[in-house]
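Each of the next two complexes has chain A plus one more chain, namely chain B in the first and chain C in the second.
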Partner chain A sequence: MTTPRDSGGTWGPIALGLATLVGVLAVIEAMIRIGWINAFIVPLPSAVLLSFERIIVEEGVLKRFLFTAAEALSAGTLVALVGISLGVLLYRRQILRLACENWIAALAAAPLVLLYPLFLVIFGRNAVTIVMIGFLSGLPPAILKTVEGLSGTRRTLIDVGRSFNLSPSQQFRKILFPAALPTIFVGLRLGLMFALINIVGVEFLINFGGLGQFVNELAERYDLPAMYAAIFFVILVSVGFFLLTERIERWLGRAR
Partner chain B sequence: MSTGGRFGITRVVRVRIAIVVVVLAVWEAVAMSGWLFRDVVPRLEKIGRALLTLLAKPDLYGNLGTTAYEVGLSLVVGGIAGVAVGLLMGGNRTLGKAFEPYLHYLGPTPKIIFFPIMIMWFGVGGGSKIAMGAISCFFPMAISTAVGMREIDAVLVRVGKSFRAGVGQMVTKIYLPAMRPAMLTGLRLGLGVAIIGVLLAETKLSNRGLGYMVIQSYTRFDIAEMYALLIVVFLVAIAANALVSRLGALKRGSS
Partner chain C sequence: MLRVEGLVKRFAAADETITALDHVSFDVAQGEVLSVIGPSGCGKSTVFNIIGGLTDADEGRVIVEGQTVSGPHPAIGMVFQEESTFPWRTVVENIAFPLEIAGKAKDERIARAREYLALVGLQGFERHYPAELSGGMRQRVAIARTLASHPKILLMDEPFAALDEQTRFLLGDKVLQIQQKLAQTTLLVTHNIAEAVQLSDRVVVMTYRPGRVKRVVAIDLPRPRTSEVAGSVAFQAFVGEIWNDLREEASRGMLEAEAHSRRAT
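And now, the complex of A and B:
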């Protein structure tokens, strides 16, 4: 978190970072022009920059972005609904939690995205497969963090609820859930991020859908400048997403 | 787990067994009912037999070896690069503020989209898979190392300085031991994403490795073998992850 005290000193390093980035790109540009780097392997940074207009105007990258965003949103909604519900279930039934929590943590470590051929067989080569893979890979962190958040509720808060004679459902809605929300959101954010990564990955692998397919298509067409521009676009999307969720998380954290 | 004693181990084990039995029973019922295409949900017996056949194939171990080699080498390359960059970012405030945001931005980017570039740079063979694994594990390693370095207790550093430890001694006696938990976290995360990076690259374009085997069984529509392969891959990945976690616990216990 930036405090007013050190925010004055952050612009220098940021400028340094940007200057280095521009400098590196300029050096690469020069090395390609001299012929030290093969232009058939690494396109000119200036050509990449110029092809941005092309991928936006001619190739409809924004439409593809919306497609991927819609997939991520669907997967994210599923992750939130199912993940939080399962988390609450595990919190309520401690025996289930003891039995399953380690399994779920192990699942989080397994390369779930490798299930995509199986999902192709079940759902076909369409958006459902992509959304389901995204949903599945985002599920473990959402469940685990929901359980963690609920069980981390401060004893005093629970006792306050008790002293007001809240019913179990009121207790949950007014005390437990709000207290756990920041932690739950950490889980949702992780889950969404995993979902987005896997969605773009599967799009790339099965050559279907939004941005992932776009990168794959440009690679197959050997349109290098546009491919680099498209990759840069995917990075921009991840960055935007990262910053947005970070902002929300901070806001929730402060609300606590 | 504080509530462990309330139920005792046996009840947890019983619930676990019950869950497994229910899942298997539902699976078998679906397989027999024919609600889904029979090939999508094969009988358990068929999967079991495919698993045994698979485990008897020398082919599996060759491909497992290839994938393990690629993941291992990618961990070495990506890990060393990540630790080096992390030490620089963590040790120097200006460098950290200037470049660490880029690590955080690139970290959650789906690395697989760099695969076409890696093919062009390192060829269609093992090189591009190792590169995929390496860029995947570079980010968690670098970020964890930087964070770990910054969170070192200042007292420890002062103790080292008051003993007039040299740079080498400071690194081996103070910095590295203090950063071990953070670096092991990085290694665990890095291992997970390196495995994913390598396997996905193998499914996309390869003629060796476990990822290649999975996609082969898909193209042959040999679903039972595909399940068997996925079981093997998941178990290996989970075991590798558990091994690294165990390593962390063990070292912390002995120090």
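And now, the complex of A and C:
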């Protein structure tokens, strides 16, 4: 059994992670300075670090982040509403589920972002195209996890509902949906992550929007330190999103 | 109060039809505790599911206060063998659940839920979640929740099966207290002979498949009753008497299972 002392307490793992990151960056810095890595392809980590202030103060990265966040929120809302609804429909209609489930799973693995020219034609070069691609990318896990969560509700809990003579609507609202919620949330979390990845990717491809467009702009200017700083900023946003949703998932699961 | 007449239930298996229940009949008087006991595979849980309305009988009927019932009925409250509390609701919210379904105002249902909480001896655990309780405590919450719906008949399917022997006796004491206080008509399905004798006024002994009523044993032990009765000579005599009936059925079940296993290999 791992004791708190074995695992290094609360701050031990965080400190070790940070120290490892700093160590790796220090090694890369050394390799670039020595000339083992081309500085025109990979900038010095110290230069990237110094660029953070510039991208925040001069380049307005926070404003671009808010733009991307608004797109992600729109796509995420659509993923939740449509994904959960379709998941409920597939749960209720066995024939639909048998017909569609494998196709939906295949869609999750498909590089939908490559369809961006089609979306450009349909919706134009604007935020709607980005939101729609994000929405479609995030939809499959939301649907599949909703079906899984509802199907996985323990038979005994359903029988409790039947023994109290619940109507189908009551059975769904008071037993099935709350029982399935942790699994549904996992689907929403995955869906939002897929949506965010594709949103930033499409912003880069069509040179429109928030953070993705920003990275494209910096690449075109060949401002490599700032470009890498922007990429790390995107990674930090993803990590922040992951930690936030993990907290929510833990809060949802605290009673179980 | 409850009459079961000629229940027949068949299940289709791979290459045969299995008769789980073969004209099972018995009745439960008002305020009585009746146990149904039998070996594994005798159809006890099928009886539970039919009376509770979770499955239909192929023949026969269930009559509650003179009315034939089909499907779940508000007069019958069910306590299940498996863990059945809602993990996302606190203890008091679990118990208030049937009152919520009945449309009671929040203050009223919480107040009444607290009464039932006290009845099962869980005061102070109102805001706990089931995951924070032991198995026995969770089963008490399930019992309180069922009682909160004011059933005329309490139907319990091996409610203590997942608990250790000591907790079973103590929880049996608690159920006895509640039953005696409320004069609750109770039908208990169990495979535990001591539990059946501890709690019941009569015990229906079932045969191995197809399940039929073999005998009804009147448990002539004094009331009010506690688990202390388990040490009495009379208690042990009843346990021995019921085991004599069950031994033959349990052996038949075991032999059939072994024969089936040999055929499969």
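Please note the rule applied: the second predicted complex is superposed on the first by the 228 of 256 C-alpha atoms of A that agree within 3 Å, B and C clash if a C-alpha of one lies under 4 Å from a C-alpha of the other, contacts with A are read in each partner's own complex, and residues count from 1 in each chain.
Going forward, contacts are C-beta pairs under 8 Å (C-beta built on N, C-alpha and C of every residue); 3 or more make two chains touch, one makes a residue touch a chain.
Everything quoted here is computed from the prediction, not taken from an experiment.
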Touched partner set for A:G17, first chain B, second chain C, both or neither: first
Which superposed partner A:I235 touches (first chain B, second chain C, both, neither): first
Chain C versus chain B, contacts on chain A by residue: B
First, second, both or neither for A:A109, with chain B first and chain C second: first
First, second, both or neither for A:V200, with chain B first and chain C second: first
First (chain B), second (chain C), both or neither touched by A:R247: neither
Touched partner set for A:L181, first chain B, second chain C, both or neither: second
Chain B versus chain C as contact partner of A:D159, first or second or both or neither: second
Touching both chain B and chain C, residues of chain A: none
Complex contacts: residues of chain A adjacent to chain B: 10, 12-14, 16-17, 20-21, 41, 94-96, 98-100, 106, 109-111, 113-118, 120-122, 193, 196-198, 200-201, 204-205, 211-212, 215-216, 219, 227-228, 231, 234-235, 238-239, 241-242
Touch list for chain C against partner chain A, complex: 52-54, 72-74, 76-78, 80, 82-84, 86-88, 90, 97-98, 100-101, 129-131, 149
Residues of chain B touching chain A in the complex: 1, 3-4, 6-7, 11-12, 15-16, 19, 36, 39-40, 94-99, 101-102, 104-106, 108-110, 112-117, 120-121, 192, 195-196, 199-200, 203-204, 211, 214-215, 217-218, 221, 223, 226-227, 230, 233-234, 237-238, 241-242
Partner chain C, residues of chain A touching it in the complex: 154, 156-157, 159-160, 162-166, 170, 174-175, 178-179, 181, 254-256
